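Let me begin by handing over the structure; questions about it come next.
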Amino acid sequence: MSELKLMKGNEALAEAAIRAGADAYFGYPITPQSEVIEYLMAEKPFDRTGMVVLQAESEIAAINMVYGAAGAGKKVMTSSSSPGISLKQEGISYIAGAELPCLYANVVRGGPGLGTIQPSQADYFQSTKGGGHGDYRQIVLAPASVQEMADFVRDGFDLAFKYRIPVLILSDGVIGQMMEKVDLFDPIPRLTDDEINEKYPWATTGKKSGTERRIITSLDLDSHKMEEHNHKLQAKYKEITEKEVRYELIDCDDAEYIFVAYGSSARIAQKAVKLARAKGIKAGLFRLITLFPFPSVKMFEMCGKGIKGFLAVEMSAGQMVEDVRLAVKGCSKVEHYGRYGGIVHTPEEVLEALEQKIIGG
Amino acid sequence: MAKVRGAIVVDVEKCKGCEVCIPACPTDVIALAKEVNGKGYHYAYMEDPEACIGCSNCAIVCPDGVITVYKVKL
Amino acid sequence: MTEELIIAGFGGQGVLSMGKILAYSGIMQDQEVSWMPSYGPEMRGGTANVTVIVSDERISSPILTIFDSAIILNQQSMDKFESGVRPGGTLLYDPNGITRHPERKDINIFQVEAARLAAEMGNTKIFNMVVLGAYLKIKPVVKMENVIRGLKKSLPERYHKLIPLNEDAINMGLKNVIAVQELQ
Amino acid sequence: MAEITLEDIIKPENLVYTKTKLMTDKVLSYCPGCGHGTAHRITMEVIEELGLEEQTIGVAPVGCSVLAYEFMNIDMQQAAHGRAPAVATGIKRVWPKKIVFTYQGDGDLAAIGTNETIHACNRGENIVIIFINNGIYGMTGGQMAPTTLPGMKSSTSPFGRDVQTMGNPLKATELVAQLPGTYFVTRQSVHTPGNVRKTKKAIKKAFENQRDGKPGVSFVEIVSNCNSGWKMTPRDSNVWMEENMFPFYPLGDIKVDGQLL
Amino acid sequence: MSELKLMKGNEALAEAAIRAGADAYFGYPITPQSEVIEYLMAEKPFDRTGMVVLQAESEIAAINMVYGAAGAGKKVMTSSSSPGISLKQEGISYIAGAELPCLYANVVRGGPGLGTIQPSQADYFQSTKGGGHGDYRQIVLAPASVQEMADFVRDGFDLAFKYRIPVLILSDGVIGQMMEKVDLFDPIPRLTDDEINEKYPWATTGKKSGTERRIITSLDLDSHKMEEHNHKLQAKYKEITEKEVRYELIDCDDAEYIFVAYGSSARIAQKAVKLARAKGIKAGLFRLITLFPFPSVKMFEMCGKGIKGFLAVEMSAGQMVEDVRLAVKGCSKVEHYGRYGGIVHTPEEVLEALEQKIIGG
Amino acid sequence: MAEITLEDIIKPENLVYTKTKLMTDKVLSYCPGCGHGTAHRITMEVIEELGLEEQTIGVAPVGCSVLAYEFMNIDMQQAAHGRAPAVATGIKRVWPKKIVFTYQGDGDLAAIGTNETIHACNRGENIVIIFINNGIYGMTGGQMAPTTLPGMKSSTSPFGRDVQTMGNPLKATELVAQLPGTYFVTRQSVHTPGNVRKTKKAIKKAFENQRDGKPGVSFVEIVSNCNSGWKMTPRDSNVWMEENMFPFYPLGDIKVDGQLL
Amino acid sequence: MAKVRGAIVVDVEKCKGCEVCIPACPTDVIALAKEVNGKGYHYAYMEDPEACIGCSNCAIVCPDGVITVYKVKL
Amino acid sequence: MTEELIIAGFGGQGVLSMGKILAYSGIMQDQEVSWMPSYGPEMRGGTANVTVIVSDERISSPILTIFDSAIILNQQSMDKFESGVRPGGTLLYDPNGITRHPERKDINIFQVEAARLAAEMGNTKIFNMVVLGAYLKIKPVVKMENVIRGLKKSLPERYHKLIPLNEDAINMGLKNVIAVQELQ
């Protein structure tokens, strides 16, 4: 039975993990997302559902624990924030290469380096282009509310197992730390051992005598086989791009100017839309839900229809804006606005940027 | 018999009222003030200044290093 | 109706939980709410503040720089947030420990001596509930019954016996709020 | 005997103790009563007393002492979480005549940084490591550290550390003492005047070792309170520390002049 | 006195480090670049110039040793290959954030994960967009010959110190493992301690009594200061983009079709140009030398002048091609060709791709 | 006595030793005479003899044994360099009734993977770690390992390991034996029939410990040759190993049933 | 007195000629062949088959597990 | 002039250093050269091969799939590289250990019994120099004097005393190459 609660984004993520039937969480504390493991430890999911929660010695250990458990067919996740996510890049590349399903969250803070612990969206490139090595992609979901922090855990696991791919919930300090009401989805039971063996024949759960052994690896010393493997990965990414794009259009029907934004910036931009409309400016919001796959097709399609410009609004020096540019292929004006380094822009600033960079510019 | 007298000066605005100095004093000189400083902390002061022997114990354990100690041989 | 509020003071005053109870109360009457704390090392014994929005509509940005109302509980917060109150908006504060009182002429200003009242009630922990009561007197954004339901929701079961005490504190606040400056 | 007034005593010529110049004037960012401040100060006193101010480069970790560079009035680097021993190695290797030290918490040194700690200590880098063990991650809000005691509560062991599922506490200091690359290993505390004096002596010995080119790491653990993380008053936390931390982390020298005691 | 030698790319890199007056190299072995540290150890640079060479316990330790030594004003470097470079991402973000000068090389192999040890160019995104967290950039030099493996060490150090920025030499298994003749530049003496103190007042070398202490950090808990710091970084990147772009145009004057490539792909594409010209196809090569800064201005400028299409040739599933698209802003056809996962495309395949995807497509 | 021909002997009913079915038929990728093969085989023999084939999940490292999964005929995962203990922890925690082991080289376990090794051993994960110490990085062409002996040559210590600049060798096994989370720690070799038999017994004990839920890690070091890296013939390398490796890495049990010997 | 006779079968194509089996044999049965196998290795064979006692020592140390051992009691 | 060559055999035959000496010789006469080994774990006792380009012009791609010449020193390499020789190109091999001889009709084929010759000279280590001699007889891409200079450059000083021996081996190869099939 679903349940209405007031929760922090980080807590909702944690609670949703239990409800989504996760088998394990491995993590290492870091602001602004330590509530995830704190909530889990306080909730004793080992008593509630049998879910394992382990505080690892480091982010690297955590992501490799995820690798092991995921390779054994379990629903597992980790979470961290920017510097910790950078440390996980090798592990994520391995998970992508070995085609393991898993979920992880980055509650982004301002960088680079140790930076600040305040919200930021400057890990977009790392998330969508691959911060690790090699040609791999991951599905990136960008929640803009506490509700989505919960729902995307369930959806993220579904996608992860559907495509055997790492799924990243790219959040930020605002969404992680804020409280909102959240309608928690009904608990989904954890799979039984037998169900796992049946559903995931690739998983290393101990080979039945006389059957083929299962191997989880990202290695192939034969370049031809490695190329084939890469082709397979690319085909999967193509399929995902065709099928799994998600976005939300707000006040776009008659809009002449479009804010493109995700996560907390999308909420701010939504208020900027209101302010703009109040001033008679026909603004709309293209809210990205999946950052990979990027809704390039829809965006390109829109730009034929009377749109005079796109303003990419992100708390970074300009990262997502590149994907907007690539999507519209020069057929419309595209500019970037965003504050960064831990500063969250205001709706007023966003509107002003629209007026200056797009309308007036 | 040589007698010593000491005195401490607490940097009131930097004192955090943690009380760590209090048990460190062999002669129970220090107490926290009823008043608070700008940060809202009850700060340390010499409640019994006569008793101070200038041993520096309080200053040595003060985490914030806000105590200066003086001593004279009488 | 949309109320955009900041509550600011220092750690230990119950700033965050006051905001949480208010937000829960909003939920109880089917409103949209958001609660956004400032976080970080400055919280450690230092300042703590939270912005709360209660609204009939979907809330866009939870981050505020301008507020309909401000509840201010120490001098540092006064210095930081007085200027952020929207012209015509409301500032409520506890004068205890305040050395520089608000100076704005274009806002409504109220006082509640919550620290003193809580001490008089024999429990400094209900300080924040006294403040909440005062605030609700000025800005009845949520009904009292919903505040009680909100309290129930936000307190763990084992603390429910404290709800009457909290209710008393809220009432104490309701009764003791003083208008310092009312526009019009 | 003539009455003597405070004014008579409080005169420059009667000064017996004041904060070292090698501490800046900034207000320490630590919680009231936190041992970090004392540990900072005596480290700086030692550097001043040994006349090493101009030769010393300190390395701050990630942890509550991340801002050590705001307070220590010498050249400093801030290292990534756990990597201070590697950063110090980098500095010392290119400036072998300088004095290099790290100042690290238990999460930093004994969780994420275990590899860097073990290998710097095993290689025998000629550096000083000052290790503040408060049994918790102070900075991030009191999570369990590798050093958290069995049964001890923290925000990630809210019902107490369950050794069965969360693992054993790690005695990092005893471990590095086993390595051939450590020259001096000791465990101290800074919660009483006597302990502060002993600890300062230990720190002095550590820096002297480095100055004199004694082979290997000089490693000084300081068992300290994290009253915020432990959710106690500073005074209570020091008592709790004596009663609970010291039995598990006994104070005293473990290795001196390269010899295990 | 300069010296003509036959060397592997990796060896040339190592020898150039000694000659460039590097103070230290910290590294961890990994194929296909272990020759770097092997060469250094065999050459005993500690005897030749006093340079320190240390085999670290891991890539993470190595990059943090680089951080420390760089923060102390020394000329330091490390090198690795793809998985090892992923592990260094946190450290690189710190170096960028703390504005330290350093040089590192990635001799790329096929990924993702453990992948193969064969050549690849699939770490382009990681290198140019920032594999670590936060808004930072690094200068990326792409050598296409053993000669450049040597020369770019000297140039890279110069750039690193000029801008206090990490400089990446993005090489690959081909360039690292091949031998060619190389004209080694004359040794540059290491700076003396006094020179370092004079030239790099920011370096932590022990503060003179009575002077301001030096602090190396990437942290600022005050978001406003952090934002300012980020603005400073962005201004630096802008300056670099304006001043430091490097590329080479081969047979482009009359070209109708342009291959865009770097590193070993550029050599292969150069041969494809020859093959194309032999067939009467007017092909040219835009060889990128700096990947960041990307020569967008020049590329956009060219696309007005009779260019019918660009073919981005890279050993990846398509990464650099995005920057080409961003550069030409839709004003010319842009396609991607490349084999990957450890396979090196042939000039014939490249030409065929041009014919099919650009000319015929 | 009647003459007996080979045909009379070589009959199924006279079979006394053949390769276990739990090794695949693939030709091992190891150099001639490399101990990895023997270590693989006896590990698989133990799993077969204990009847654990269907419960066991192995974790291969990065090192020459990266392809262990090609040869061990059971479910296997390949871990990132040094992270096998974390990967094994992940598996074991979600499948507590399965048998999980890692198979790691000295570079993998004692250099880049030190942190994961120490913490899995300190937490007391109920897994088996098989640690092949050949004093070198075999896979990448014979670079110095943390375990390389003082004075020993490798491609990154071409003039011999200089302890002064390159650091001391690390006795990872002695170190983990100090940790409360290890239950059984031993050092063996596989270069003679007698040693193979002993090592197999040790491996069997290790897996029995895990099967029986004995608390903590069972850790079996095997000192082995890397004849390629050492640039010797296999036979010479085994002699050299006895003369040089064993004095520094003495064979025998170090901790049994949770008790240090 | 009970006597045993043994015999080994070497998987010639998989033998790498490492010679590790040779010193392991208590009765000096094994030598390397003059001929090479498909991989170019001189492979192990029973040079003195009579002497084999089927003790399995050779098989146990063979890194490549290419030796199978048979034994009969006479 | 551009010569694109592959030398393929197994580890220990001196394949890589033969290529290196050839490349050095090219440098000695001011030509452009490249040397690109296959690398990887298969090198370990297994196959080893290297492609060498010697040219008057700047060399574009160092990676070859088609060769002007191929020097083949074991069966595996024969199987792998025979087909890669350009029609009209040249294949030189040591028949020792070869079970399937080359079958192409459109290329020149030569043999040199280098293993036997080296053994007869009492030093199997100069095997690769015998092969080099044979190759230079067929394809005099570099002058002998430059080969000697190349040898000097590529060998560490302490091995220079071996140069005469190497020279003898080269000459032995020069003299003992046998044409199996010559086009036209």
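General remarks:
Letters A, B, C, D, E, F, G and H name the chains as they come in the text, with residue numbers starting at 1 for each one.
Operating definition for what follows: a residue touches a chain if its C-beta (ideal position, glycine included) is under 8 Å from a C-beta of that chain, and two chains touch if they have at least 3 such contacts.
Because the structure is predicted, anything quoted here is derived from the model rather than measured.
Separation of subunit B from subunit F in touch steps, taking the shortest path, is 2. Contact count check for F-G and E-F (C-beta pairs in contact): higher for F-G. Centroids of subunit C and subunit G (each the mean of its C-alpha atoms) stand 87 Å apart.
Rounded to whole angstrom units, the spacing between the C-alpha centres of subunit A and subunit G is 60. With centres defined as mean CA coordinates, subunit E is found 55 Å away from subunit C.
Between the Cα centres of subunit A and subunit C there is a gap of 34 Å. Counting partners per residue, subunit E has 31, 54, 57-58, 60, 83, 90, 94, 98, 113-114, 116-118, 217-219, 221 as the residues that reach two or more other chains. Among all residues of subunit C, those that touch two or more other chains are 40-41. Taken together, the subunit A residues at the contact with subunit F in this complex read 23-24, 26, 52, 54, 56-58, 60-62, 64-72, 74, 76, 90-91, 94, 98, 193, 204-209, 213-219, 221. Contact residues on subunit A toward subunit E in their complex (touch as defined above): 60, 82-83, 85-87, 89-90, 93-98, 108, 110-118, 120, 122-123, 125-126, 129-136, 217-224, 226-231, 233-234, 316-317, 319, 322, 325-326, 329-331, 339-343.
Against subunit A, in their complex, subunit F makes its touches with residues 53-57, 59-60, 66-67, 69, 73-80, 83, 86-91, 93-95, 98-99, 115-116, 119. Considering their complex, residues 40 of subunit G touch subunit H.
Against subunit B, the residues of subunit C that register as touching in their complex are 10, 74, 97.
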